[in-house]
């Protein structure tokens, strides 16, 4: 092997490995987006449960977030991937639906979503609590049903408070996809490793993958900044800024 | 709830019997405890259509709690409340509070009770116009176009015709409170509830808001108004209710209350705020 | 800086010529701009040893800026400042501000100018005692034992003898400000500079701090004091300086300033704060 | 992951220690939940296959020591690097500021796993090409895997904690520094006596969260052939072909580690005065 | 008409299976799988999985067969069923040229050895070499082992001789390393060749797979598949 990079290895068409990397990157994006979306859904439900739910719901959610935040993502991924999908397919078999087949992408999305969900729960809980209670009370005083209050007032009003946390979660989601390399899901990191193994150009492929991740982070940063500025339009600090 | 049995029925300013208009808000034997401490100790009160009831009293006397019970933002411990003749259907829960039997009844009634808060509580993520059309569209299911047209008129009326697309946090306190009033007017409320609508405002802004309320009073809208502005209460109220320590200690026309207070406490209160 | 040439030299309360004590703080033709806007427009002022100069004036008149220029927390744009007869050696930098020629001279002089801030600015990572001994030990190189002994006496004196090992954030505002005063006293300052030392305090705590300053005044310590407490200024100051719009519009004994103000602006200012 | 400190205030973590045990038991539904958990635990112990555990205990112990060694050393050295990283981003000359910001952005913007592989397989292989390096004393270390894991973990911690320190340095109230200046302290004295201790002080409360996050990053070293706790469990899984037991055991160990860490750090935090 | 999901390891294992630059998996075992599935009258999908999770994946139904150079060992046979062997490979030791490592417990004294995680060679190395070797480093892939061997970070690799062959033949391999021969046999650890892994309950599939393998061996397909990869070398063993 040489230290001089052979950039022809990155060409899109074979024998270049560009396509493999891009497909891996695409998988990473799908994973991150799917897991993030699932996490946001779990997070909103979890936050609502923690704030408005019964004692038992609250405690269970507390256990969920605590376990997720105390156990390494890598371990959680293994646990959810092997144990989770096994339990799921056993449950469905027991219910007479036959074995469910969970493909790698779905499993990966579920795993990342569950991990993200715990953090998102905390993000949304904090954000909802940052909404002055009077605004929610005003909505109730106008006869809005609970779900409508949530949809029309609580969620949009908490968005500016949640966005910084949500931006961070997205960054974490994109990076956590790399962990799925460990269960053999061919996302960007594993693709880079396979390419590197086949060509022995380790430095080249890992640096390329790193650049892709970094580009994703930087672009996401810009987008989130924009969205945040938009969401903060109505807030006082927007005036000061 | 039987009309004639209502105690503490508000008498007309001239001290004659109640006029013939229908009751808009009726409260009977209302009690409210916060974790064991009784804050309202049996309040009965009727406000008829067009009545403007000023609720006065010292700090902690239960004024806000009374007002908040009227649209069930606080769950009473005992008693009955009826809006426009329709009593809330309540049942006691295990903590001893009265909770709605049917949430939808409460929501339906609430939609026609406009509450104006001390701290405005506009929704900061919507423009002024957005705040005003929110409830008509999403709760009252009014067509969007109609809601906007009406909101424009109302905002024009409270002097915010040029602030439609501004976000609330860019308004002064007085403007925010006027927007909040417009938001309440947009549901064409059976009764309006004001909880110290000017006490969070700088002195120079109070006037703006009071003059808007004065205009509303001139239209004979039913209003219940907690206020510390005695001059204003005397001026616009048709009835004044003096609350002390969770009971109505005295009530009557502004003239009765302010010129010839009976109880020692009311006398002292009027002295202290003068 | 020549003594006799100083304009705006503060006259004695009785209106006679300046007493013979040496000047502690001399300011001559001081100007200060913030990004092009001139905030101090030529201030000349002398405070002699033992003088207690109250600086009054409306918001934004430049009081804080003047005080902060005295120990060079703000870099003046032009003018001269001397402490105990020693002028700061300054040279203009490219932005037009005067910067120290020799940092160490400034540091040496600063160590003997005690500044008490409106917001206390105690160091929260040190106990009250730690705050007071910090400068004596690390700047003045006093032996630790001596510094502690002195700090104890001073804290005793401002009424914090029992709070030595408490962290500042556990003190009330008034106690924090008294600790800040003790911290300043620990350097045995040639002059003390107070910038609205009570305006961040709740009304009931103001008295504590003022009484400590009053005690210091009785010892004839040189003090320059920005304050909004007119009664206090009249009471303790030997001279009062009225600042308006970056210039000294009027100055004199408290009696002159408060009983027979000359300028229209001062009259209005005194009316407005009364 | 500094970004998470906004999410997980460790101070608000639920009952983990004896401190809140009474509060836990005061609520009847918690007793029920605790009982359910206990029954579950007993079932797990009784019904599952734990025969492998005694035999692997020594290895697990070694793995645990490796995990802790990685954690402690990377936190320690990472923090040392984070201090200048934070400082120059607040008050440094522009080349340093740019370098520090760039470093933090790159490390925080790419997966740690990838960094680890880059260091070990990429850089490590480059080192091997130079006979000078292969001949030197350093080779004994460079040929091993743990130095690369250590470096990757340390740089990662430094980058995330560097962001925290940047905020901490920038957040020291101006007035406190001005007070020091007004007393004639020199710049170096202000830095050493006020600015620096205050910044560290402000950063401390977030440190617990950062350390927990770092603990959670340590198993990644297993992927470059460092035998930490996770790697030992991987060996167990491959030797016994058990799906559940080794993973559950691993989760339990990490839960305990986190709990112990949180309690220790909270204890340490309580010795340090904080602002109200 | 049947659909089977065939698990291989996501860690490339040339010449048996590895992804190429187009992302497709190819290699001897991929060809073998196609031949097998043809005889089973089934469509087979290749599913790359982490080696460490491949047996759980089979047991939980994520895949239906493992055709991934999995040695038939008694330990594994407790968990899953194996078909008859379809190839056999000796375990050998490939050492760096400068070192004097030999494939015996005494021969590896003080050496850094590399093995692949979860492989039979790992078990073997732990059983016979762990006392004398300086360290046994566990790698995720054989590629990385060979990479580190050529880089000099380990002294020898204990690996599948056939899998190491392409490297040994390459310029890089020629330059750096030498094959030092096979280790002493121990079927209890090294197993009885490589077989198709199946769920224990799929007995019907097992017999069909066994029949298909016999077919492939008998009708010359086996030689035809092997030729491009191994030339005339017989990988079936005896």
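Residue numbering begins at 1 within each chain, and the chains themselves are lettered A, B, C, D and E in the order written.
In this text, a contact is a pair of C-beta atoms (placed from the backbone, for glycine too) under 8 Å apart; a residue touches a chain by one contact, two chains touch by 3 or more.
What you see is a predicted model, and the numbers here were worked out from it, not measured in a lab.
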item	value
Given chain C and chain E, the chains that contact each of them	D
Lowest number of touching-chain links that must be crossed from chain B to chain C	3
Set of chains whose contacts include both chain E and chain A	D
Where chain A and chain C are represented by their mean Cα positions, the distance between them in whole Å	56
Distance between chain centroids, defined by C-alpha means - chain A, chain D (Å)	21
Chain C and chain D, separation of their C-alpha mean positions in angstrom	48
For chain E, residues contacting two or more additional chains	56, 60, 144, 147
Chain A residues counted as touching two or more neighbouring chains	1, 78, 82, 86, 182, 202
Of all residues in chain C, the ones touching two or more other chains	none
Those chain pairs that satisfy the touch definition	A-B, A-D, A-E, C-D, D-E
Residue numbers on chain D that touch chain E, as the complex places them	121, 124-125, 128-129, 134, 142-145, 223, 225, 227, 231, 234-235, 237-239, 241, 243
Partner chain D, residues of chain A touching it in the complex	1, 3, 55-56, 59-60, 62-63, 66-67, 69-75, 78-79, 82-83, 86, 119, 122-123, 126, 164-165, 168-169, 171-172, 175-179, 181-182, 189, 192-193, 196, 202-203, 206-207, 209-210, 213-214, 217-218
Chain B to chain A touching residues, read off their complex	71, 73, 103-104, 106-115, 117, 119-127, 134-135, 138-139, 167-170, 187
Residues of chain D defined as touching chain A within the complex	1, 3-4, 6-8, 13-14, 16, 27, 29-30, 33, 105-106, 108-115, 117-118, 121-123, 125-126, 129, 212, 215-220, 223, 230, 243-244, 247-248, 250-251, 254-255, 258-259
Chain B contact footprint on chain A (complex, rising order)	132, 134-135, 137-145, 148, 152-153, 156-157, 159-160, 231, 233-236, 238-239
